[in-house]
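Letters A, B, C and D mark the chains as written, and numbering starts fresh at 1 in each.
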Amino acid sequence: MVSLNDYGPEVRAEVKQVREVVSSLHEQLLKWNLVVWTAGNVSQRLHTADLMVIKPSGMRYESLTPESMVVCDLNGEKVDGLAEPSSDTKSHAYIYRNMPDVYGVVHTHSTYATAWAATGQNIPCGLTMMGDEFGGPVPAGPFRLIGSEAIGEGVVETLRKYPHSPAVLMQNHGPFTIGKDAEGAVKAAAMTEEVAHTMWAARQIGDIIPISDEDIAKLNDRYQNVYGQH
Amino acid sequence: MVSLNDYGPEVRAEVKQVREVVSSLHEQLLKWNLVVWTAGNVSQRLHTADLMVIKPSGMRYESLTPESMVVCDLNGEKVDGLAEPSSDTKSHAYIYRNMPDVYGVVHTHSTYATAWAATGQNIPCGLTMMGDEFGGPVPAGPFRLIGSEAIGEGVVETLRKYPHSPAVLMQNHGPFTIGKDAEGAVKAAAMTEEVAHTMWAARQIGDIIPISDEDIAKLNDRYQNVYGQH
Amino acid sequence: MVSLNDYGPEVRAEVKQVREVVSSLHEQLLKWNLVVWTAGNVSQRLHTADLMVIKPSGMRYESLTPESMVVCDLNGEKVDGLAEPSSDTKSHAYIYRNMPDVYGVVHTHSTYATAWAATGQNIPCGLTMMGDEFGGPVPAGPFRLIGSEAIGEGVVETLRKYPHSPAVLMQNHGPFTIGKDAEGAVKAAAMTEEVAHTMWAARQIGDIIPISDEDIAKLNDRYQNVYGQH
Amino acid sequence: MVSLNDYGPEVRAEVKQVREVVSSLHEQLLKWNLVVWTAGNVSQRLHTADLMVIKPSGMRYESLTPESMVVCDLNGEKVDGLAEPSSDTKSHAYIYRNMPDVYGVVHTHSTYATAWAATGQNIPCGLTMMGDEFGGPVPAGPFRLIGSEAIGEGVVETLRKYPHSPAVLMQNHGPFTIGKDAEGAVKAAAMTEEVAHTMWAARQIGDIIPISDEDIAKLNDRYQNVYGQH
């Protein structure tokens, strides 16, 4: 079996730094109420080697430390770590192998996003915040069983149809989100739950006013290229 | 009356340790928003004697300490403790006497689980997380008055019909959950509220897509045997 | 004008102690999410004189201290304090004058209780927790403008029709609760919001199963006389 | 380009103080659950010069400090600050130029207020708290794209039709609120979300009882002139 010692100091330095990032981003999942008990997981791909860092399986958030994070290759095989990696590891790996710009993946069972997922519907785009972040609806993905890379395949095939969206609502399961790093994917997970909750609430009180495709395109372009610090 | 001094040092050591566990697990009930004011209770059965440790009755969460936890026998009679035990003690005791693999019991009035309980409906299985943790729907139990072991009887008779579920929604009352220890039962209580909330929300926006019995069985088998650290 | 110096040391000692109690109970309103910004107020009547201690008007929760609590007589006139008392002072005073067993009053605009109040409906009794704490439905009260003792009159006239309930949902306004001390009234406010939320949620998913009057009476009797530490 | 050094010591002193105020009020947005991730912004106009202090664009709440707040003129051009100002800066500036009594502006995407905004409806006035704070319904504003001062125009034209309201629900977007300082606008943002949530919940369980225009006028007059410390 390959071990971290087979990699050079640059890789080992990035592993150390990414373990800290991934561990501390799990606190953001709790902060924004995206997970319960041990559910949910964050990973980040390395830039210096074909490796990723991911949460250990079934471990409570209070127990997570940088050291407990697991290093796997992009086939989902463990390379370093005391614990077993997340059950979703092979699906994270599949996404990294097939989407070369993606360096962060997050999975949660956040309440309202998962409610939409249980009905297999896209969340329609009725908020400027959705134009900004998702460039349209948040798409529903297919039903897939956990454990293999089948979920990752479902995520990738859905995102190819919705190239502006960083999120997929896997049917009867919950959201998977991507980003250019793990922080970006955590942000997308928080935004997914927020728009899922808001659009869910809007549905209960009347007809949601649609936003035109032209306005959605303008919102998305501006947000991706102008918003924030450049 | 029997007292703790009639038990050997091994039992007294386990009592001390279980009092700490049960006391600190009450903080988890607060953390996951499962209880209000003094409602809710956690107990754990001992392995070294036919005893259990349970929350005192009607005491605010801020006041709970390991020392305030009450030791009872498996008929629900107090063996040690300054305070009176929870009103649900006889029902916890009944569950332990009749389900020998159960070493933890939790009761809450968590909002959405109790909303389902007020309508007497099972929560239908529309989430992979429900397949994982409950192996099907979360079952509704009968109406029973508090104070005797009648609630415990209702819990046991319902769980015999739903052998994969660690939770029963007692009609007009709220959820009771079981586990191989108190932590497992608290986890089941947190998961019960989460799936109750998610499935409640899904109901408001469309038809929930059912999961086939075959897929539920696969999910449950994998989660119970593969998930987590082994 | 009367001042605290006209009272003996026993009264001044109780004022000091009750100011601490009332100030710290406002933190419980925040903890259980019953108030926003400056809304809501707690008072407690003294046993040693016809006085009450109440929150100052329109002051943010972060700024509340025992010293900022205002002492008023039972006509709602200020006797001691740097700030102006709550706008609801005359209504609290009316309740104390007309309900001699009441020594605590709380008012909030908690979300779900106020939603019921906006529709002018009683919350029907579909939870054992409601049998316990309210002995039946949580009653709706009349519409009354703020500022005079008109709200207090509406509270008292409603509670006379529902003698087991510690709460009234004032129409278009929000809940008022009573207790044998301020802590009891805060508890009733927390329970009112919890049952309002739960019964609201139950309404969205089906028919709430009623609890028989006989069972409600048994629950209420047991809870008021057996529950807790005696 | 103009810089802060072109202003006198009185202005620079007010800038320093307002940066602290605006920075710390962003914590209140988090405390009352009005924002997710980097969404939302607070500004305050100065009294000593035609300047305003506003949040930097797309920066996480954990990173906000008084020093990171950006100073702009009332055309929205940056005068001082290391970071780029909020995307909404030109709209804040437009509001200050056109509403001379306004010295604080807040924008959030708070969940229930934004749900109403997605349907383009006013929140009807069914709560005494709405009479107090809004003097009637919370008005819906027009659809406007972000980035220019178009949102500010929509806010001002709506508030001219609803002169008692400190809030506008911009269609498909979210609430903008005003105040005599930033704290007042943050308070209005918190109240907007609370009444949006309460009225949303009331809608699900029955008919909301209207409050007469006469009573709304009395409530608003009393709250604006008598409530609080004078």
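By our rule, contacts are C-beta pairs under 8 Å (C-beta built on N, C-alpha and C of every residue); 3 or more make two chains touch, one makes a residue touch a chain.
In UniProt terms the chains read A, B, C, D = L-ribulose-5-phosphate 4-epimerase.
The model shown is predicted, which means the values in this text are computed figures rather than measured ones.
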Shortest path length from subunit B to subunit D (each step joins two touching chains): 2
Self-contact between copies subunit C and subunit D, residue sets same or different by half: different
Turning angle required so that subunit A lies on subunit B, C-alpha fit (0 to 180°, nearest 5): 90
From subunit D, the most remote chain by mean C-alpha position: B
Gap in Å, rounded to a whole number, between the CA centres of subunit C and subunit B: 32
Subunit A and subunit C, separation of their C-alpha mean positions in angstrom: 45
Multi-partner residues of subunit B (each touching 2 or more other chains): 204
Interchain contacts (touch definition) - all pairs: A-B, A-D, B-C, C-D
Complex interface listing, subunit D residues touching subunit A: 36-39, 56-59, 83-84, 87, 109, 111-112, 114-116, 118-121, 143, 145-147, 171-174, 200, 203-204
Subunit B contact footprint on subunit C (complex, rising order): 32, 126-129, 132, 187, 190-191, 193-194, 197-199, 201-202, 204-209, 211, 215, 218-219, 222, 226-230
